[in-house]
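After this come two complexes, each holding chain A, first together with chain B and then together with chain C.
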Partner chain A sequence: MKNLKSIFIYTFLSLAAIVSIFPFLWMLVSITNKSVDVTQGRLIPGTHLIENMKTLFATVDIVPALMNSAIIAIITTILTLLLASLAGYGFEIHRSKGKDIVFNILLLSMMIPFAAIMVPLYRMFGSISDTAPFLGIDSLGAVILPTATTAFFIFFFRQNTKMFPKDLVEAGRIDGLSEIGVFFRIYMPTMKTTYAAAAIISFMNSWNNYLWPLVILQSPEKRTIPLLISNLGSSYAPDYGVIMSAIVIATLPTALVFFLMQKHFVAGMMGSVKG
Partner chain B sequence: MSQQSTKKGELDLPVSLRYKETRREKNGVFFRKKVGWLFVIISVIAITIFNFYPMVQAFLLSFQSGMGGNLEYVGFNNWQRLFGDPTFIAALTNTSIYLLIQVPLMIVLALFFSVLLNDPKLKFRGFFRIAIFLPCVTSLVAYSVIFKYLFGIDGIINQFLLNFGFISQTINFLADPFWAKVVIILAITWRWTGYNMIFYLAALQNVDKSIYEAARIDGANAFQQFFQITVPMLKPIILFTSITSTIGTLQIFDEIVNITNGGPGNATISISQYIYNLSFEYTPDFGYASTVSYVIVILVVILSIIQFRVAGEKK
Partner chain C sequence: MKKFYLMLVLLVGMAVLAACSSGDEEASGGSSEGSSSVDTITAWAWDPAFNIAALEKAKEAYSGDGDFEVNIIENAQDDIIQKLNTGLSSGTTKGMPNIVLIEDYRAQSFLQAYPDAFHPLTDVINSNDFADYKIATTSFDGEQYGLPFDSGVAGLYVRTDYLEEAGYTPEDLTNITWDEYIEIGKKVKEATGKNMLTLDPNDLGQIRMMIQTNGSWYVDEDGSTPNLAGNESLEKAFETYKKMMDADIGKIVSDWSQFVGAFNSGDVASVPTGNWITPSIKQAADQSGKWAVVPMPRLDMEGAVNASNLGGSSWYILNVDGKEQAADFMLNTFGSNVDLYQTLVKDIGALGTYSAAAEGDAYAVEDEFFGGQQLLSDLSSWTDEIPGVNYGLHTYAIEDILVTGMQDYLNGTELKTVLENVQGQAEAQLK
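Presenting the complex of A and B:
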């Protein structure tokens, strides 16, 4: 009976692991094979890797797309970390009735579906296109602005700030630091783990964002990586080896960030859950 | 506090120091009460401009109609149009199907995995955990394209099923209204189960092991332990994940566009994709698109209230 149970558990988990990993394996094998071999379901690594990469860089504008995505993701992440941690700190350390009410109203924005505000946002950025082209339609600035402050990250920082020892704030004040000084000199260095976790989530969200860039970016040279891959994926005569190479390259940054900082990620998520 | 009273109380301190101290105190308390707002003000303004204001705009737009920028108020016309619009009804039905099947399926799977992986005696725990979480590192567009190829008519899934004799001829998954929906549900479940599992695993670490010990002594089997200890203990986090998953699935867009593009016909179109099409693919009708988008808003609000109620009652 006990044996049967553990056989069942291991079979079940192994199946789940295979299903989870298989698309990755297939992807990694496919970048080494010719398009024909990929369609024939070849699951053995081939020798076509270099050709695929050459074709990719020669025929697809992947470098500009990577650059655009990187610029957007890095700026968004920095803005998110700074603004959300300031707000989360303010709501928790400088707590007041008024701020609690404002905080709860901000949380409601987490329930706003993006599709519902997409059209008004598009019109809003359209209306400033002439006066401020760097923030108008088809600008990277317009991609960044609406995604840089979200209630989720404010909530995330506030939850994690609950674990921040308040005595440190008092100690900082006695040492003569200003309120902003306490934040930058004491809070920020103490909360490194929280910042790391927020950075991972924010970077991944931004790197992978599809709908808003699709709406706001129009010229091909402004395209981000998800837009490029979506385009490749819908082509009529796909070169599978090349498309898979593009997908692998696009997935590498987030996979690397995740694996390098996995501990921070889980710790941060737990911090936000514990409350 | 005036300088007079200070002088009386602390005569042993030099005057200059005393004066400085009190003023700093007074200003400090006043300043500290207000400075808190400085920390939050940028975010409050940004969220108001980029979230709340557009919500109001969308509401006003939902009563307007016209092509592109030429909009005029048409009363409830857009709202009436919803009920006679077959594409909207298809989008609403499809989204409801995804929601009703995918969210419960994923949450049950994630709970199940997390309970199995929480057992410290389990071998290869770390491997299983990373493997099941792995899909979360892919972007929605990237995995959607991969699923599209996997389930293509000459895709590897078809070849696998053929070779092992499960089917006698290939199934054109993505051109079949039923199978296309199945592929989309499978895809979302593949991508998000591990993500939810991490939340449950984190929460399970806070559950006191002695409760299970006591239950085992009282003769509770694994199923009873699961339903009578694990589920009630994890209720807040289950509520949290089901609300976020519900909101996510209600807005599903990336997968639909990149796996089936809403087809065959409108068999897999989602509400978000319809809003996108109305605004940016067809002749732009921002008014009607906003009306459709408010349907998602209403659904999110209703479903969140229901989930809170259900979770509250069982307590």
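Presenting the complex of A and C:
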């Protein structure tokens, strides 16, 4: 009976694994095939890998796009971790009725889809374009600012802070630490897993962000990776082998970040569920 | 110590942010405040092999006396729509280009939604110089806004070798009706086992091409009232579509890559679509000499012609600083330069709709891939016969509704009921 059950479970899990791995497999196979083979659904690795890579690097500026994406994702992640954890810490440790109301209003803002605030946002950035060009339309600063911290991350840190032993704060104060000192020297090291989880989510969000960079960035040299890929597909006769190559290159950094921090990520997510 | 590191990180962050801005001064030409003359005009278009290449050729061919740089930027079509919509509805012209390419099906909705955002070309170009059917879609409220560009003239691309196996020649498929086409399709499938065409249930381009052969569209002349229930051409097109399904001559595809894959791998005997598919067809070099292009089949109705259109786009000039220069650039290139159009067909296979250009030698060239057919001059002569229709404001919105209607119809619902339903939905949604 027990055997039967485990057979059932393993079959189900294997199916689920195949379904989730197949797209990646197909992507990896496709970068070695010609466009014609990709459209015909060929699943056997071919010999076109080097040609695809050559065409990719010859036709588009993928390196600058990777740099842009990296700059945006890293700065956004650092800002998010810092600002959201400070806010989450403040909301939970220095709790008051008033702050709870503010927090609830903040949570409500999670329900507003980005598309709804995009036009006013564009207008705002348009109006500061002349006075502060580094934050105006067509600047990387304008991509970073609206996503520098979001209600989701504040919520995420606050939930996790619920597990943080408040006695530690007291102990720190008695030992003569300032509030800032308590945050940086006690809270931050203790909450390492939460930071790791937030870092992965924030990095991935920022790396894959498409809509806002699309509307706010205009010059080709400032394009991020998702915009570049979208462009590759714009022609009437797209080269799917080359597009797949670009997608593989674009996927590598997020995969790398995830695998490096996987252990912490799982622990951090568990924490937020328990909280 | 930790604190120090954090401060450091913050400082570095700020420095990078500031560094990102350094390139801004020279970039983003086109919309600086103050003087209306600019040094750089910006143009947005999609497809590097087609529209972008055409712009590059135009830049080389520009013979006017304006002194400016042309900055050509490639964006995917959907991206251009998104960027234009956001930019124009925010009311700021910052970051907007001077010249932009818009697909004809979408042009009217842009012109109506942002009437002041576009620069009229009525006094700049002569609209009689262009194919008639393009004018209705590129003008609004009596003003000419678009400079008609590529022709979406449709043709029936056929595999001559498959037809031969079934005992047909391309002549047998010339100037036929869709009903005759289905009969031939059945025979071809019997003889070769190949499907006659691909059908994508989510893309009713097939229906659009069919109804335009009879001068009909999803909307009335006014461009906004849905014209679905009681539209005889649409009824006929739906019936024809169902016949194709019932005859089992269509290979079902669900996206562009499958569509291209189907004819590249020789799975279908014909491809009824816009002429811009030519490069994709030629992609399968081993099929050279096995293709021919014949006029589009027509609906089996009084007044229908063997010419239709799918897609196609036109240039628009935005009402931002530099518009006079942009207009001058367009007039001296796409607006009057016959030689440019010769280069366009020769080098990139882009078929324009500037009527005078069709007389040139480049159009008479024989295409070996299509068995020596004078493809461009054929396509160009069909262009003149395309019935002009006002595509109006809602082509794609209505099509989304029609897609579900088509499913209902294929599943057995009465056609009249289906069309009344979609008419009701369209009226409710597009109020």
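The working rule: the second predicted complex is superposed on the first by the 260 of 275 C-alpha atoms of A that agree within 3 Å, B and C clash if a C-alpha of one lies under 4 Å from a C-alpha of the other, contacts with A are read in each partner's own complex, and residues count from 1 in each chain.
We take it that a contact is a pair of C-beta atoms (placed from the backbone, for glycine too) under 8 Å apart; a residue touches a chain by one contact, two chains touch by 3 or more.
Note that the structure is predicted; figures quoted are calculated from it, not measured.
Peer 1: Check chain A with both chain B and chain C modelled on it and let me know: fit or clash.
Peer 2: clash
Peer 1: Quick one: is A:261 in contact with chain B, with chain C, with both, or with neither? Answer first, second, both or neither.
Peer 2: neither
Peer 1: Let me test your reading of the model: by the given contact rule, A:240 touches which partner, first (chain B), second (chain C), both or neither?
Peer 2: both
Peer 1: Between chain B (first) and chain C (second), which, if any, makes contact with A:111: first, second, both or neither?
Peer 2: The answer is first: A:111 touches chain B but not chain C.
Peer 1: First (chain B), second (chain C), both or neither: which does A:218 touch?
Peer 2: second
Peer 1: Identify the partner contact of A:71: answer first if only chain B is touched, second if only chain C is, both if each is, neither if none is.
Peer 2: In the superposition, A:71 touches chain C alone.
Peer 1: Look at A:230 in the shared chain and tell me whether it touches chain B only, chain C only, both, or neither; answer first, second, both or neither.
Peer 2: both
Peer 1: Looking at chain A, does chain B or chain C touch a larger number of its residues?
Peer 2: Chain A has more residues touched by B than by the other partner.
Peer 1: Looking at A:39 after the superposition, I want to know if it touches chain B, chain C, both of them or none. Which is it: first, second, both, neither?
Peer 2: The answer is both, since A:39 touches chain B and chain C.
Peer 1: For A:146, select first, second, both or neither according to whether it touches chain B, chain C, the two together, or no partner.
Peer 2: It touches chain B, and chain C stays clear.
Peer 1: For A:120, using the defined touch cut-off, is the partner it touches chain B, chain C, both, or neither? Pick first, second, both or neither.
Peer 2: Both partners, chain B and chain C.
Peer 1: Could you point to the stretch of chain C, among 182-190, 254-262 or 326-334, that collides with chain B in the superposition?
Peer 2: Once both complexes are placed on chain A, chain C clashes with chain B in 254-262.
Peer 1: List the residues of chain A that touch chain B in one complex and chain C in the other.
Peer 2: 39-41, 118-120, 122-123, 180, 211, 214-215, 230, 233-234, 240.
Peer 1: Within their complex, state which residues of chain B touch chain A.
Peer 2: Going by the criterion above, the answer is residues 28, 31-33, 35-40, 42-44, 46-47, 50-55, 57-58, 61, 113, 116-117, 122-123, 127-128, 131-132, 134-150, 154, 156, 159-160, 190, 194, 198-199, 202-203, 205-206, 237, 240, 247, 250-251, 253-254, 257-258, 261, 271-272, 275-276, 279-280, 286, 289-290, 293-294, 296-297, 300-301, 304.
Peer 1: Considering only the defined contacts, which chain A positions touch chain C in the complex?
Peer 2: Touching chain C: residues 35-36, 38-41, 59, 71, 75, 78-79, 82, 118-120, 122-123, 126-127, 129-130, 133-141, 144, 180-181, 184-185, 188, 211, 214-216, 218-222, 227, 230-231, 233-238, 240 of chain A.
Peer 1: Applying the document's contact rule, which stretches of chain A touch chain B when the two form their complex?
Peer 2: 9-10, 12-13, 16-17, 19-21, 23-24, 26-27, 39-41, 43, 83-84, 86-87, 89-91, 93-96, 99, 102-103, 106, 109-124, 145-146, 148-151, 154, 173, 179-180, 183, 204, 207-208, 210-211, 214-215, 225-226, 229-230, 232-234, 240, 243, 247, 250-251, 254-255, 258, 266, 269-270, 273-274
Peer 1: List the residues on chain C that touch chain A in their complex, please.
Peer 2: 2-3, 6, 9-10, 13, 16-18, 20-21, 23-25, 27-28, 33, 46-50, 73-79, 82-83, 86-87, 89-92, 94-95, 256-258, 260-261, 264-265, 276-277, 279-280, 283-284
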